[in-house]
Amino acid sequence: MLSNKKKYIVNGNSGIKAQIQFADQKQEFNKRPTKIGRRSLSRSISQSSTDSYSSAASYTDSSDDETSPRDKQQKNSKGNSDFCVKNIKQAEFGRREIEIAEQEMPALMALRKRAQGEKPLAGAKIVGCTHITAQTAVLMETLGALGAQCRWAACNIYSTLNEVAAALAESGFPVFAWKGESEDDFWWCIDRCVNVEGWQPNMILDDGGDLTHWIYKKYPNMFKKIKGIVEESVTGVHRLYQLSKAGKLCVPAMNVNDSVTKQKFDNLYCCRESILDGLKRTTDMMFGGKQVVVCGYGEVGKGCCAALKAMGSIVYVTEIDPICALQACMDGFRLVKLNEVIRQVDIVITCTGNKNVVTREHLDRMKNSCIVCNMGHSNTEIDVASLRTPELTWERVRSQVDHVIWPDGKRIVLLAEGRLLNLSCSTVPTFVLSITATTQALALIELYNAPEGRYKQDVYLLPKKMDEYVASLHLPTFDAHLTELTDEQAKYLGLNKNGPFKPNYYRY
Amino acid sequence: MLSNKKKYIVNGNSGIKAQIQFADQKQEFNKRPTKIGRRSLSRSISQSSTDSYSSAASYTDSSDDETSPRDKQQKNSKGNSDFCVKNIKQAEFGRREIEIAEQEMPALMALRKRAQGEKPLAGAKIVGCTHITAQTAVLMETLGALGAQCRWAACNIYSTLNEVAAALAESGFPVFAWKGESEDDFWWCIDRCVNVEGWQPNMILDDGGDLTHWIYKKYPNMFKKIKGIVEESVTGVHRLYQLSKAGKLCVPAMNVNDSVTKQKFDNLYCCRESILDGLKRTTDMMFGGKQVVVCGYGEVGKGCCAALKAMGSIVYVTEIDPICALQACMDGFRLVKLNEVIRQVDIVITCTGNKNVVTREHLDRMKNSCIVCNMGHSNTEIDVASLRTPELTWERVRSQVDHVIWPDGKRIVLLAEGRLLNLSCSTVPTFVLSITATTQALALIELYNAPEGRYKQDVYLLPKKMDEYVASLHLPTFDAHLTELTDEQAKYLGLNKNGPFKPNYYRY
Amino acid sequence: MLSNKKKYIVNGNSGIKAQIQFADQKQEFNKRPTKIGRRSLSRSISQSSTDSYSSAASYTDSSDDETSPRDKQQKNSKGNSDFCVKNIKQAEFGRREIEIAEQEMPALMALRKRAQGEKPLAGAKIVGCTHITAQTAVLMETLGALGAQCRWAACNIYSTLNEVAAALAESGFPVFAWKGESEDDFWWCIDRCVNVEGWQPNMILDDGGDLTHWIYKKYPNMFKKIKGIVEESVTGVHRLYQLSKAGKLCVPAMNVNDSVTKQKFDNLYCCRESILDGLKRTTDMMFGGKQVVVCGYGEVGKGCCAALKAMGSIVYVTEIDPICALQACMDGFRLVKLNEVIRQVDIVITCTGNKNVVTREHLDRMKNSCIVCNMGHSNTEIDVASLRTPELTWERVRSQVDHVIWPDGKRIVLLAEGRLLNLSCSTVPTFVLSITATTQALALIELYNAPEGRYKQDVYLLPKKMDEYVASLHLPTFDAHLTELTDEQAKYLGLNKNGPFKPNYYRY
Amino acid sequence: MLSNKKKYIVNGNSGIKAQIQFADQKQEFNKRPTKIGRRSLSRSISQSSTDSYSSAASYTDSSDDETSPRDKQQKNSKGNSDFCVKNIKQAEFGRREIEIAEQEMPALMALRKRAQGEKPLAGAKIVGCTHITAQTAVLMETLGALGAQCRWAACNIYSTLNEVAAALAESGFPVFAWKGESEDDFWWCIDRCVNVEGWQPNMILDDGGDLTHWIYKKYPNMFKKIKGIVEESVTGVHRLYQLSKAGKLCVPAMNVNDSVTKQKFDNLYCCRESILDGLKRTTDMMFGGKQVVVCGYGEVGKGCCAALKAMGSIVYVTEIDPICALQACMDGFRLVKLNEVIRQVDIVITCTGNKNVVTREHLDRMKNSCIVCNMGHSNTEIDVASLRTPELTWERVRSQVDHVIWPDGKRIVLLAEGRLLNLSCSTVPTFVLSITATTQALALIELYNAPEGRYKQDVYLLPKKMDEYVASLHLPTFDAHLTELTDEQAKYLGLNKNGPFKPNYYRY
């Protein structure tokens, strides 16, 4: 958890929280005192972060009118009006983005191909609630190609790419989403997906748990026909485990958040690239020779450290866990306490999943021009609130870049106000999203086709063999050729030739 | 100045050579038919590339009116009107950019500090013609602090940051430059710098040779008072060597293009970072596992290869020079001919300084989605012209990104239309510019203060000791502590304790 | 213990499985026809590999006489004769080796220090059967310092360092071991440890399971007083799990083979260094530019690949597992089938844990001078037997290096006859052994002090907290400073401030 | 020949110096007050270092008798007795070593092949004085294949591999050399090469200048027929420049020491590998997490730093030259003064070419177990003499490894007594030697075939084109495919299609 998908930022800001909580939440949604804590109640991607899904995101926005989509009458070119998007006329732009995304999502395209004969999702009626981006669109259209009917809402009020939503609507998908929904819009959209005359979902694909929650609250009877839930976020998974613990989970659920491929890609490999990207786009700084302290040496920290070291930065690491600390040592990083280096470093990066890792005291001691940013969890790692005091001046110098100025003229450079740098200030490579999307598709197929009794009313991890299958679908991208075991070798190793190849505890 | 690198390779092509000689060559300056065309004669910074000087470059542009600056009456807050910029009111924005730049230009700031007693440029009257950016502003204000009077024009019709120009004008610098000058504006601005009642330059700082050319042509008598020329671009240096060869150079000139620090920084270290930055900003691609061919293993190629290898790409190299080829081998890259890998690579990067390295035939054979870009020389390396044929469709998908589509649907992704990727699609770190600017400042000081006879009417390299001094001024940025030789050691090595420390042929 | 790695993969091959079960299996222990044969049943350390424990190993060997230690009357300087070693007079040499080892085993020395007040092993009577090296000696003397009485035999007939055994005997440890024991000697030594008048062990420290087996077979009643078994090898652990499954395990056992630190250190970090060391010592080859194929991308393969890439080799990887394959891709290695590159590579390295990965057919196709070696499992990975055919000539060119010559003159260079390169041709860093030894000591302490009922008659993994403790004891070596959680942070994360810090499934 | 600089250990020990000086040296050999200073007078490879040329070096040594070769009557199998080696019967062992070396010296083998028609050295009578190793043998036999007659002596009294010398004698080469020559033997051998009835050399291949000196002194008339000298060592080159300056050089001489390929390979690439090898073979230490300070960031230092960083060490750098210092910063190393880190580092490595870089004061402050070694110049960098004081105890723990023990028990680990680690404790890869040997062969061909007047009585560098040719001959080893310029490209670049491709000042 400490980990990844940090992405789906959760924050404790009561205003935003309010927006997606209910007056009368059931109790299980109120009791989250522990580990994950408050942050699991709501998710929100800050407005700024939405820029980053695609560099092309905003090219038609300025021409948008201000009428609420709910008040518009729109039809797609086939006369269909079962959708609600910002502007159906933007469909062509969105289609191009989808086509670009398709090129980097080979696994989903392969699934489509394989499904030309059999339709593993024939009969599936999927209701989904995710970020609506070009990559999601490729997933949705793949689900369609596999035989499913889909209805879709956004899981975040800011993250929808209007052009992509339009393209989906134009293609006949009932999509209910736009960028800048109000709290009320948000639930209205979800409801429009679920509450349909003559159509009832039998599968749920959720990201954050809001859709699941809505059905629990408003249409509990629907669960009688639902074969399963596929949930992808830390928050949503946590909610499901809570339900399960409380004995209230009434269908099987698949936790796709903890698959190996997803974890390694989203964290180690993705952060290795996005730390550089995020810092460059915001500060144009040179990495060579810079002194950097990375707080936390989990997968995210490992990725950040490897990249910065490779670019010629001198990297220090802080850790609380002696095992990760020893890894940092063996990988060639000085393990320090933050205090020991805070006066000398040029950059401070948090990747701990913890809170108040960088305190006001640290901030006070940083040298002039020090850059401070967060690659870890939510916006809790840097105590940004402590900087909102009268003697400090804030100066926004660029989008996502603030100078905080001390009375003596010292400035620190705060990126994304302490929110996730990679989500706010860089893009997430499509290829990474492809892995997640493929995992989701396979989880849907698995749950939908599983024989009665294979899955009970509990939360499951994707079988390792499917994890391996997701990986194998991505190998052709790299023109990578897998070796097959001979019968003799398989016997020698005691393995099935088709996998799974490792015990569950294997660490990769 | 941005004109970086070995790029501006001197070459024997008679057409180009002609263009940069200038015995009686009016036709040269008259034939500048298109926007890009004009400037590409000497340093090809395309319009698009100007975006990249600073991420903050454009934030006030949209509010600009369309009146030509030459037709405006503007005064700075002290009532001074000896300047011509887009809009003096933007001065405050520009000042902030300058202040940010100052933080990464420690060497110039150190020079200012040291000059508080003695003013090594007291009495110097410097006329300058360079890109006008925040970094140039720091240089100009440093020259001022060292005692010089300056007048300045832009060396490129597109690259001026209007806000910075405004800030300089507000501070009292006679600056004549704006973004989007016409050909006529260009020479008018230069002339306004030189042709002043009661002021005559005694030093020239040039980037590209246009200012020098103008004085040669229009005010040859001025050279009587001019103590020297400092020139920074390959093109301008080449022009000076031509003049020298022809016996027409009438003052000493300093070639600051070939200093070690400049070359290693501008090429190896800078490209190591900008190749990643340029590719990310344009394509959001993931580097891990991608197959890349880098054409050319000079300093630029070495930087690109090192960075991509570090990010997990599989890199192939092509070379014509067996020594560089052997280095590529020892550094762990497969040395291939382009034909051998062209069908399989995901990215093609040229860094050769050559022409037609990537031909239409290569382009025809690339796989779908292959990215093609140039980090080397001008826009000659990829035969982009060969793609302008009727059967291919061009689709601009983002700024600086074109899809070129074959009849069978294959697309290649062409970046910056084959112009320099790092200049067009990423920013140049201030720190790198700092090294160049410091070298320029020291060259001015050296020429201005050199005793009669030290320099003749010839082109000189900066003395190695000064090169070492530039480097030493940048060490404090890294909190780097140099060791001093003991007397005994200096004697043993036969070196002066203060350097120079290496023979001229040392390769670093 | 040296028996490193995942290597000792548990497998379903019934032949092998049988051999390490031991219900009524006298024939197993009787069939040990050849020197190597005998021991290779459990842990295959070949004779040659024993050279490598320490570069200093052999300096006194040549002066040894040929009398069997069993026939000698030896006393240490205090008149004690309860031991049997090669030559007690070598004690001083051994002591120096032990002292050198102590310097790189800081964790054990720290344990000694902490135990000055409390003696956590007071009353413990430990019988041990491990390799007898300087590192083991540090462990034994640490156990002594912690309050234990120890008696010790060797787990391998070749691996004993006679000088070290002498030093231990001189210090009063009843040690029964020498280099070059016969089969009969082997069991005699074990028996002398166990079968003592007036002393009965209450703890077992085993490496391979032979000691445990002997007690099961000969003195089953001893288990009444035995509090637990600590076992470190894959083979021994497998035997224990078999006993447990069969309901025959009558005391708790601790599997110290699968701790994180041990696995990561023994495999990833250790192999990263020893692949280079082993290749250099045997072939003096240059790594730069060489083409290498590494079969298998588990921890061992990852270490080999990282090191060779860093030294400028071009590395290809083969894999059967798509997840590891995808990791190889993302880390920048071409994933191939062995056949695709076998003709072009300069080095072939196996790290799969599998058998016949390199077949005669592959060997036939390798190019002249190709180097073939194994870093993986036992000696099964390369089909060395297939090279024992009349048309091929074997030429031993150096110790551990054979040229196998084809009729057409082609040679391949086979290292260590396909046995483990790092064990045969390089040394294992003391620091790595320190981690294992510390884990063993802590496991003994844990089992010995555990309250009644904490552990049942089953096989346990060391609690994660102890794993973390082992790591923390090694941090001072690196002058590494761990950060402590604040109360507030611990609460936020739902963690105890002293760990454990990660869930059991965490992958590191 | 073994190449470079640092290696050819010079020492001021008067005993050894005496051994290769003359009573009545001419004055030019006495005046060497400057840069290179005293160290150029003599060279000696310490006995220990000779072990390292080949791991196989010593396998027949123990059986050698003690009779001086000069007193033996030996004939080869063809009845020829014009040689003097230790034992002609060892020829077969030597031949095998030569054959192994041939495999890694592809360029020389290629030269042999190309010379099958024309014999570019037909008529050449070459007298040589170099280390006599398998690699030299490949060079000599190549010269023979190119048409030359050769006579050879050793340039060092310890470095001869007796078996190789025997193999050469068996093949008919008049070789006069053995391991362990006396001073008198040394000059006797040289004289036997030169002073022959009916044979007079017309080319000299020298390594260190002793042969050249001998001819100058004893047979000055020989120079009338000598076409040129090829000299490879720093020392010998320095002597030649002295002669040239003094107007006493009477034939052209070729300095093959400063070619690009030689410098980059011998230093950067070779040291990158040998620093690891040397440390492992002597100390078996683990690199991961170790703190290392590398003194000097020239090519050797760059190689050491890159390798250690890649293995997970934390590396600090000291420098006196600000340009190299800035490179160290950009490459990611903290630049410090030695004093700042001397208390904390685990390893100190000198690569400066300077003297007393590590002083007694530094040694006093090092922590326990710190390893100290030299990769730079001679044995001057570490002030080893300062450790020869009564209060310190020296303990030789392994070959080339001393513990120096302070009164308080602190030990430092001194490798090779401060002489060159790579020469003393690791082997030099044949491939590196191949580059030097090829350069020597080409220099001989060039001088021998140059038309009258091309070379005067001066010291020359090998033409860049030949440097490039040497490189090109080594590319096939890596299956590397060079790209050829098209006519159009060559014209554009103003280059000849066959090179040279770079200006002389190019830095690579």
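Letters A, B, C and D mark the chains in the order given here, with residues in each chain numbered from 1 onward.
Basically, a residue touches a chain if its C-beta (ideal position, glycine included) is under 8 Å from a C-beta of that chain, and two chains touch if they have at least 3 such contacts.
From a predicted model like this one, the values you see are computed outputs, not experimental measurements.
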{"item": "Any chain in contact with chain A as well as chain B", "value": "C, D"}
{"item": "Number of hops, chain A to chain D, where each hop joins two touching chains", "value": "1"}
{"item": "Chain separated most widely from chain B, comparing mean CA positions", "value": "C"}
{"item": "Chain pair showing more contacts of the two, B-C and A-C", "value": "A-C"}
{"item": "Euclidean distance of C-alpha centroids - chain C vs chain D, Å", "value": "40"}
{"item": "Distance from chain C to chain A - Cα centre to Cα centre, in angstrom", "value": "42"}
{"item": "Approximate Å spacing (C-alpha centroids) for the pair chain B, chain C", "value": "58"}
{"item": "Residues of chain D engaged with two or more neighbouring chains", "value": "269, 288-289, 311-312, 329-330, 334, 478, 480"}
{"item": "Graph class of chain-chain contacts, one of line, ring, star, complete, other", "value": "complete"}
{"item": "List of chain B residues in touch with chain D within their complex", "value": "9-13, 260-261, 263-265, 269, 299, 318-330, 334-338, 340, 353-357, 380, 467-469, 471-472, 474-475, 478, 480-486, 488-489, 492-494, 499, 501-502, 504-505, 507-508"}
{"item": "Of all residues in chain C, those that touch chain B in their complex", "value": "288-289, 309, 311-314, 329-334"}
{"item": "Chain D to chain C touching residues, read off their complex", "value": "54-56, 96, 100, 103-104, 269-270, 272-273, 276-277, 280-282, 284-291, 307, 310-312, 344, 368-369, 397-398, 426-427, 429-432, 477-480"}
